[in-house]
Each structure stands twice: as C-alpha cells, then as structure tokens.
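Naming follows writing order (A, B, C and D), and every chain is counted from residue 1.
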Amino acid sequence: MGIRVAVAGASGYAGGELLRLIAGHPELDLVAATAHTQAGTPVSVVHPQLTGLDLTLGATDAATLGDADLVFLALPHGQSAALAAQLPGGVKIVDLGADFRLRDAALWERYYGGAHAGTWTYGLPELPGQRAAIAASDRVANTGCYAATITLALAPLIAAGVADPADIVVVASSGTSGAGRSAKVNLLGSEVMGDLSTYKTGAHQHVPEIKQATGADSLSMTPVLAPMPRGILATVTARPIGRTHPREVLQAAYADEPFVHVLPEGQWPHTAATVGSNSCHLQATVDVDSGRIIVVSALDNLGKGAAAQAVQCANIMLGIPETAGLSVFGVAP
Amino acid sequence: MGIRVAVAGASGYAGGELLRLIAGHPELDLVAATAHTQAGTPVSVVHPQLTGLDLTLGATDAATLGDADLVFLALPHGQSAALAAQLPGGVKIVDLGADFRLRDAALWERYYGGAHAGTWTYGLPELPGQRAAIAASDRVANTGCYAATITLALAPLIAAGVADPADIVVVASSGTSGAGRSAKVNLLGSEVMGDLSTYKTGAHQHVPEIKQATGADSLSMTPVLAPMPRGILATVTARPIGRTHPREVLQAAYADEPFVHVLPEGQWPHTAATVGSNSCHLQATVDVDSGRIIVVSALDNLGKGAAAQAVQCANIMLGIPETAGLSVFGVAP
Amino acid sequence: MGIRVAVAGASGYAGGELLRLIAGHPELDLVAATAHTQAGTPVSVVHPQLTGLDLTLGATDAATLGDADLVFLALPHGQSAALAAQLPGGVKIVDLGADFRLRDAALWERYYGGAHAGTWTYGLPELPGQRAAIAASDRVANTGCYAATITLALAPLIAAGVADPADIVVVASSGTSGAGRSAKVNLLGSEVMGDLSTYKTGAHQHVPEIKQATGADSLSMTPVLAPMPRGILATVTARPIGRTHPREVLQAAYADEPFVHVLPEGQWPHTAATVGSNSCHLQATVDVDSGRIIVVSALDNLGKGAAAQAVQCANIMLGIPETAGLSVFGVAP
Amino acid sequence: MGIRVAVAGASGYAGGELLRLIAGHPELDLVAATAHTQAGTPVSVVHPQLTGLDLTLGATDAATLGDADLVFLALPHGQSAALAAQLPGGVKIVDLGADFRLRDAALWERYYGGAHAGTWTYGLPELPGQRAAIAASDRVANTGCYAATITLALAPLIAAGVADPADIVVVASSGTSGAGRSAKVNLLGSEVMGDLSTYKTGAHQHVPEIKQATGADSLSMTPVLAPMPRGILATVTARPIGRTHPREVLQAAYADEPFVHVLPEGQWPHTAATVGSNSCHLQATVDVDSGRIIVVSALDNLGKGAAAQAVQCANIMLGIPETAGLSVFGVAP
C-alpha cells in the first residue's frame, strides 16, 4: 500500500507526464486524476500513451482530491490558490503553476495581473539549503520550466561571485509542449514545423522568478519556440568577475547531485538527451571574442522543467528516496 | 546482486536503448557493453542520453562478453553467428539481428546473401506457444521491427481463418532510427525532415520473416521512411474470409497480454504514444468501399520492435517477471 | 495590364499558396483576396510569408469578387455553390473544394451529406481529353489532393488494361497542411511531431472521387497524417493484367507533360522534392513476392494537389501558357 | 539568349539552390554546373527537386567553367582562391565561401588557418555604399549566412550610434542545411530531430566577419543547431545609447529595400516565412527588465543567407534588375 497521490489538471501535457511518472513510481499510488472539461473521460483517451492505465478523469474539486496524501496541481496559472484553499490542511501540495513562486507581490501583479496568492517554498532542491526547506514544507511551488533551466546554469555563478549579476543575457528555446495543449492556430503543426520564432519578446513573465532564483539584478531573457515537442536549451551569458572558470564552479555545485550533470569538457548539452528524464545537462566556457561567460543548459521542459521536478519535490516532502520513480537517462534518439 | 548481462554492438540505436532499459531494470546488472570502432569510449559520449552511466565501451569479443549470464547481440546483420559461436555454451543469447530468424536457408541466402547460420527460437512471446518456447531456449532470435509490427496485426487473423493469406498488402512507415546510425547523406536531417519516401520498394528483405511469422502466402510490403526518429505505423490489409469482425479476433488474442493493446473502438494507433515503451497499439476495421480488412499497428521500432522486445524475451528466458524493467506507457508528447 | 483574378477563402493554407503563385505570375493581377472572419486584416499578418504584398483581406461576397475575370474558390467544402451562384455569369471559376467534383449525386450525399450542387469539368489536365475540356470550360472543379496523387499514378494503368480495377489498395500519407488551418488539439505541433497515425480509416470521403477519376471499381484507401507541413506520398498497389511493365505505361502517358515526371529507374519519389512546385513524381515496379504492381506518387498537397494545379487549370481556361507562373522545381532541402 | 552563368560546387545545398534560382531566372542561362566527386552524374539524381532540369554535373575546372560570363563558387572554405586564379580575367565571380570576406589577414589565419587569399568586395547590397561597390566589381565575396542575418539586424544601429558596439550578445539558431551535406553521424535525422544544441560554442569562425560587417567591437555569438532544414533566427542584443527606438532606425535604413522588411509592430519574425525567398524579416524592441535592445532577424540560410543573396549580387554586377529571378515571398507553411 503506497502513498496516495492525486493530480489536478491531468489533461494537459504536464499532467500527462505526472500520471506517467506516478504510474511507474514504486511508492506512490495514483488515487485520482482530474480535469476541468474532460471529467468523465478515460485517461487513455486523453493521453493515448497511457493506454493500459485504467482510470477515468474526475472533477477538479476537493471532494475528488482531498482523500490523497499529496496533490499535484497542474492547473492554468491563477487557479491553484482557490483549489488549494479548499483542500484539507493535512494534504501536502506541489503546485506546478506560477501562483506561489514569487516573494514580491508587486512583481506578481505587474507580470501576471490579479492579486498575489502568497509564497510557498520554492521547489528547486539543488539550490543551497532548498532541499531541507522542501523537506520541511507541506506546500511547494515547483519552478517554471525556463526558470529551472536558467537557474541551474546561473545561480551558482552569481553565488560564487564569478558572474556579474548586473548584466545577464539569456536566449532560451523551448519545444512546443511548453506552450500548452490549447487549440491555437499559431501552435498547429503546420505552423511550427520548420519554424523558429521568438515570443513575448522583451517582456516574459518568468523574468521575475528567474531573477529571484538566480540573484540576477538585470536579465534580458528572449524565449524562442522551437520545432520539437519537448526540451529547453538555454544559452546564458554573463560578464565574468575574476578568473575562476565557470565550469569549476558548476562542477563543485553539482558534484553530489543525481540529476544535474556538468558534461565532460568538449561535450555540449543536447535537449534530446534529456527527454523523459529528470536530468539537466550543463556546460560552460568563456567566449574567445567577448570574454563573456557562456553556460548552456538543457533539460526536458516536462521533466526537470515540470513533472519530474515535481515528483522529486514530492519525494523529498514525503521522506522517500529523492530519486524514486525518476530517470536519470533520457529516451533518445 | 542481479543477473549479469552484456550488450554487444552497444554504439548503435538499438544498443543504446538496451543500455537504457538494462540500467533501469530491477534484476539485471550491466557488466559489459561493447562496440567495434568505439571501444575505449565512455558510453555517455556515444549516447549522451546515458550521461550518468559510468561505463566504457569494450571490445566486441568473447573475453569481454563471456562472463555474462546473458548477452544481447545488436550487431549488423551477418555478424552474430561468428560471435555466438565463441561465447561459452552456458551463456544465454538474444540476437537482435536477422541471422537466426529464418527457418528456410534458401530464402535467407536469396534475401541476405551468404550462408545461412541456423534457426533460433523466434522471439515474439505473443505468438501462440512461443512464450513457452522462449522460456525453454538459451538462444532466441528477436523479431525484426517491421516483422513485430505486422505480425502482431496479422497473425491472429490468419490463424483464425478470417483473413485470406493469399493477398496481404502492407504499407509500413518507420522513423529514421530504423535505418541505423551510419553516416549516410540520404539519412541526414536536412534530407529526411519534411520528406516521405519509400525504399527497397518491391523487394524488402524482411518479407520472408513476416510471411513465416504470420502465415501469409503472398505479401506486398512497402516500407516508407518517415520524418521522425522513432516509431513504426503499419497499415495491413487483407481480404476477409467470413464475417467475423477482425477486432474481435485481435481482442481475443491479446486479452491477457500486458504489452499488446487493442484500442477502444474509434481510437486509432499513434506511434508517438508508444515511444520508449514495449507496447503495441492495434485497431481494426472493414473498409467501406473494398470490404478489405484494415488493421493499423503502431509500436516503437527501438522498443517493442527491438530492444524492449529483447528484454522481454530475456526476462522470459531468465525466469523473472516478464514485464520487469519494461514500460507499458510511452513518453509523449 | 494583366488578367484580373481574385481568391475567395484566402486565409487558409491553399488560399495563401494561391496568393503566392498569383503574386509571382507574369500574366495575372490579384485584385481581391477575401476571408470570412479575417476580413479587414492585412494579408501579411495572416500569411507572414507574403510580407511585402500590400493587400487587405476583403469580405467573401460577390461585390468584392465579381469584378475579376477569374475567381479561385478555396472555401470549406459545401460553401462554393452558394457563392458561385452569386458571381456574374462571365466570371470564370476554379473551385478548389469538393462541391462540384462528383458526377454521382447519390455518392455525394452519402459521403458529404447535403444536396449535390452539380458537376463541373474535372480539373486534372493530364487525363486524356481533359485539357481540351478545361480549355472549353468556365467552371472547373479542381481535384482533391489525394485524388491528384493517386489518379496520376493509377489512371493510365487502368486505362491501358494493365492494372485490375477490381482490387486497388492505396495507403497515402499527407503533411499536416492537408488537414487545414483550424485550431484543433489533434493538429497541434506537440501532437503531430514525432507521430504517425491513420484517420478516417476505412471510410475516406475522397474515395468516390478517386474511383471516378481512375476507373477503379474497388478501392481501399487509408490516409496517414505525417509529421511534416507539406507533401503527399501515395503507395498504390494493384494486381497486374498481362506482362506490360507499369513504368512503360506511365512513361508513355506522361512523355509530353511538363509537370508529371516518371523518375529514372532506381530513383523513387520524395515528397520534399516537390515542395512549392506543380510537379508530381512517379515510379513503378512489380513486387517480387506478391507480383502486385506498386506505383509510388509524390506531390505537394498545396501545389499540384491544390493551388498550383488550380493555377494550371486557370492558365488553360484563360488561353495563356499552361506553365506560366508555375515551377517545375521544388524547394529543397 | 541570356547571360551565361555557371556554378562550381553544385552538389551541395547552396549549389542546388543556386541551380533552382538560375533555372527560374529570366535573364540567366545555366551553361555548366560542376562537382568534385559527382562529376558525370545528372543534376536531378543529386538534387531530385530539380527533376526536369536536363544537365549533367561536370568537373570543377577552368575548362568547364571558363566559358561563362559569371561563375558562382559554392565550394568548401579554402578552395575558391585556387579555382578563381585559373578562371579567365573577364569572368565575373561571386564566391559563396569565406575565402575573400575578411580584410584582416591575421584574423583569417587565426580562425580559418592557412594563408589569407585576399579581400573581395563584400556582397551585402543593403550596407551603405555597398550596392555601388558591388556594381563596380568583378569579384564579390558573398556574406556568410550568420553574418547576413546578424549584420542586417545590427549594422544600422551601430552606424546610427544607438547601439553600443562594445557589448553585443547574439544567439543565432540555424537549420541543418547550414551544416552542409557531408555524411556525419551528428547530422543524421535521428540525431537532430527533436534536438537543440549549441556548437563551436564560444569560438565561431564567423565572428570576425560579423564584427567587420557590423562595426561591433565585442561580440559573443552562440550558434544553435535547430531541428529544421532551413532558416536562421538571430536574437541580437545590445546596450542602447540614447533613446532612439531601434525600430525607427531599422525602418529608416530599409525603407527602400525590396528584400529587407521591418515587420509591423507586434509581429515578430518567423524563419518559415522566409523559406525559398531572398527576404530578411526584422523586428526590434527594448527589453523591459534589462533595457537592452533586442533585434530579431530571420532569413533562409540558403536564400538571403547564401544562394539568393549571391544571385542578387550577380544581378547588380551584371547590370540587370536587382530583383530578377528572386522571390520576396516565402514558401509556407
């Protein structure tokens, strides 16, 4: 008899990945999966890759979810707070939305609109001290997918004083699942295959989260939509302070981490190598011409960028092995 | 202490998938992985998705492989026999190549050239009686990827007498990993993305294997190269005999199978739903205009079509649970 | 001062391709482009590839369109008849929809529903006698994209008596633009990339058109959705009659055709080679095992399968050079 | 009787695109196309998209090429100088390689190795004064594809004094055809589909060319390989000087240019919109958080980034209309 978990918002891509991970998890029992408009539909109709999972989507309400020991919320931004308030106090929650990530209410209101719901423990265990904080929490705000990719690349460099926080420039490309599962013309296969484009150029709502998590003071972050279903590749550049090589800092920061890998010299991250896993691959160099630090970071936006990261947090919160039910290895090619 | 297994030919795509599955298998220990030209290279350089697996490729010889309890051979066609002859008698073998699949030596020689190496137990557990035969064997010839896809769709219909074996027409499309990892201009991303083409049109070497496994007497099989890394979708058509609906026959044949799923009516197979899994998805209908039976079959050519299927056979041969280390669920989107 | 043409339904993919071809056509002047919900929007916003074309979408009505010498209708099936009835009698029309393709009203009603609108000259100039018929017509029904691909492969073989019309089996894969530009979850890039699936399996509405155009008596046609924006690859198989090689028949049929190419022996069609062109590439063989004729046919579903074909018909109707404004060559890779 | 042109290095992707453009050009006659190892092969075998072009590849030597009025060189870097020296003095040349782009011999030697061959007129007509210089030249060095994309975005801003040349950061993603047509495992479809990765990170050989063409003093340029055949998307960021909006500068610079388009406000460049064309699409903003200028630039690496750009230069050199044989419009979707 395992630990009872439920997923709210199970019809989207992050929700589907959560179901897959929970179904293969040795210590978690999936007791409910809910969806707004598709309640009553078998999971395998909504997610054909889960054919063989005998479960029907329920309604997203406290009655359906409240019986679990831990609930994952994979809802559209802005909907977590209301549902969380209805769940019994003893139910642990990992929220994959943005609602509880920011400490600064004014920034929340400027970038997302609406009232700030509050601040939960930030769900990135690889940040210093954060693993213990997650273990002690009943409420965890999972990172955004861009934030995870960029923070793992940048936070140790700023913390170590080798990267200037005043001038960070990032371009990060995401597969289309990062844009969600809503029917939109600009996300049709005909439009995205063979195409690259930026979006929310110059004003992405994840910038405050990334600054908060990395310690950056100024951050230009340009997101690019790439013609592939999964994966984020971030190129993070910063002006160096001193002469410590950024690779050494990253190696020291992640030497004992099971899921964050600084690649051997000469090998650069490939998003495809992380698909389906909870791994993040990193490499760093100093640019020959400009002298800027360049860190490249790759992960699966639905894996370490969303669902797998959420399971890692849940494992820590539940006191079970942190790597349980998660894969270090990607599915490639 | 698990069962000791080794992989020969570990630098290719099927080899890499074998390593991934073995690394996550609860009862198998990977003791050696070998490759011809890349001996001495760390596995994670050849397969970046296996970053975190601390193993270096060895030489493909009996000294390196002979210490294992079971060896997977993922070698180019024609190379398995020589190596198998050198391995100690007590070592079990699953061969992913074509060398030992055919019973008819003359057909082997016509389609593959060279001398016929012999015939091993055919590694498709879902065929009637085959699970027991595999369990009793030390040498198993894994199915080809097209053969697995088509046989699962067709064999029960011919066996049940509802499909005419004299006039089978198949068109089957494969992702590019089915064409292997050799550097060829026609397999460059620039050439295959956005493109569909047939190959070996009218004379594919897998036809004798498919006829042998399905009981078809006449088989037109046209393979298509599709712009995706993984997956095979086969459209199998046959003239019906009698009025039994083909779907009923397939449901009866696979009711107790963990990895072969006849989808609910109205749902048709998607290759993406099987990526990374050992599952095969099937659906069948009778064509309105022609009256022909149409069965559509989807699987992952590196999964149920190669490496995962090989692990399933190994599990049976080793007397451990048949589903150990294998996933029913695909990684999608 | 060129011939005045207009496009109704210009916001879809076929409509966009028509605009591109007309903009580059030496003898046609684009005087209006209309769209239902996007009237008032600049063309280059709806079709960014047409940036530089200074035109705003108008309303789809006779007032906007009636001033042209020739109107292309690229409307959803079922909407052409009403609009055509409102256009002045002297305006020539090429309809890219299905409304006027079928001769048999009963078949129309069974496959499409609603009342049959009538029958116009069938717009495939390469069929015997059809070029003259198109030249003499003011109303032409352009072929469907699957119908063009399959008819060019099959019609000469049936006409020559070398393929048995009683048992045609076709599997044809299309890029996603063939499914249109409506926002649907199953057409999202995240869903289609890396995926193959059949659709309308066993009952596609284009079967009656293909039978009418090819002379087939029985036709099993399974359509597959392929992960690429453009292109159709059809594998057409038939039982042979006599010993004439199908390639000879096709070569004779198309020896003088500018846009239909029987490839040199040993070369097989690639859809990518036809993208952006009005060409169809063909190759044929006799299957070693089954003895069936296999013809493979490739074209661009928006080119020879829709917009370029429509321009070819318009050129013929207008008495200008048939190849004007059309490319034989594809844009590849 | 048109102007006689020839293409050396016609078997690669840029060579194939040159042939396509020349075949459709109203004033150019293709008299020879040559290739090193594939001399003697019909063009349509090497480039199936050119089926219908009746021409056989010749040997890459002065005898085959010297009879033309203008020769395009699409050779591997380092091979143009030797061939150019053998061509008769009256033959105009456009070199698509890097050999003659740099003015600084020391930089050439550091980034490319070998001796510097010299400096030809730089083939980017949209740079101030460059159109006239090209018109007066018999020898033109076509831009590199990254250089074209980035220079069109950046040069006017530095020239106008609104972007600080001391701190330019660029991330630019290219389709796979930019990596050429050599058979390499890392360029296989199986490897690149579904994947993003950087390459030559921190030390790309095009940096000196870009600095020379843009006036940048310090340039960090990270190239990314994207899963699509064609297209480059560059995100160019710079610290602003003063308050002039970068969009205004770009609009002024390109107001009269036929092929460089500053998109309407709110519309951002898509590479797919430029495929097959000679167009470059630009948009600019000022980043909300960092205040950096962000310019996004998209073009077809084989179009405005190589072959179409070369034809534009040739048109200017030959005194024929600059837009002859070139398309403003892309082939999309």
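Quick notes on this one:
FYI, a contact is a pair of C-beta atoms (placed from the backbone, for glycine too) under 8 Å apart; a residue touches a chain by one contact, two chains touch by 3 or more.
Note that this is a predicted model, so its numbers are computed, not measured.
The chains that touch both chain A and chain D are B, C.
Taking the mean of C-alpha positions as each chain's centre, the chain lying farthest from the centre of chain B is D. Because chain A and chain B share one sequence, their contact can be compared position by position; here over half of the interface residue numbers appear on both sides. Centroid to centroid, with C-alpha atoms defining each point, chain A and chain C lie 44 Å apart. The geometric centre of chain C is 34 Å away from that of chain D, both derived from CA atoms.
Counting partners per residue, chain C has 13, 175, 177, 190-191, 193-194, 227-230, 270, 272-273, 275, 333 as the residues that reach two or more other chains. On the side of chain B, the complex with chain A involves touching residues 13, 16, 20, 23-24, 42, 44-45, 47-53, 176-177, 193-194, 229-230, 258, 261, 263-264, 267, 270, 272-277, 279, 281, 327-333.
By the touch rule above, chain B contacts chain D in their complex via residues 13, 175-177, 179, 181-185, 187-194, 227-229. Within the complex formed with chain D, the chain A residues making contact are 167-169, 171, 173, 175, 190-191, 193-199, 201-203, 207, 211, 218-222, 224, 226-231, 233, 235, 237, 268-273, 275, 283, 285-292, 294, 296, 298, 333.
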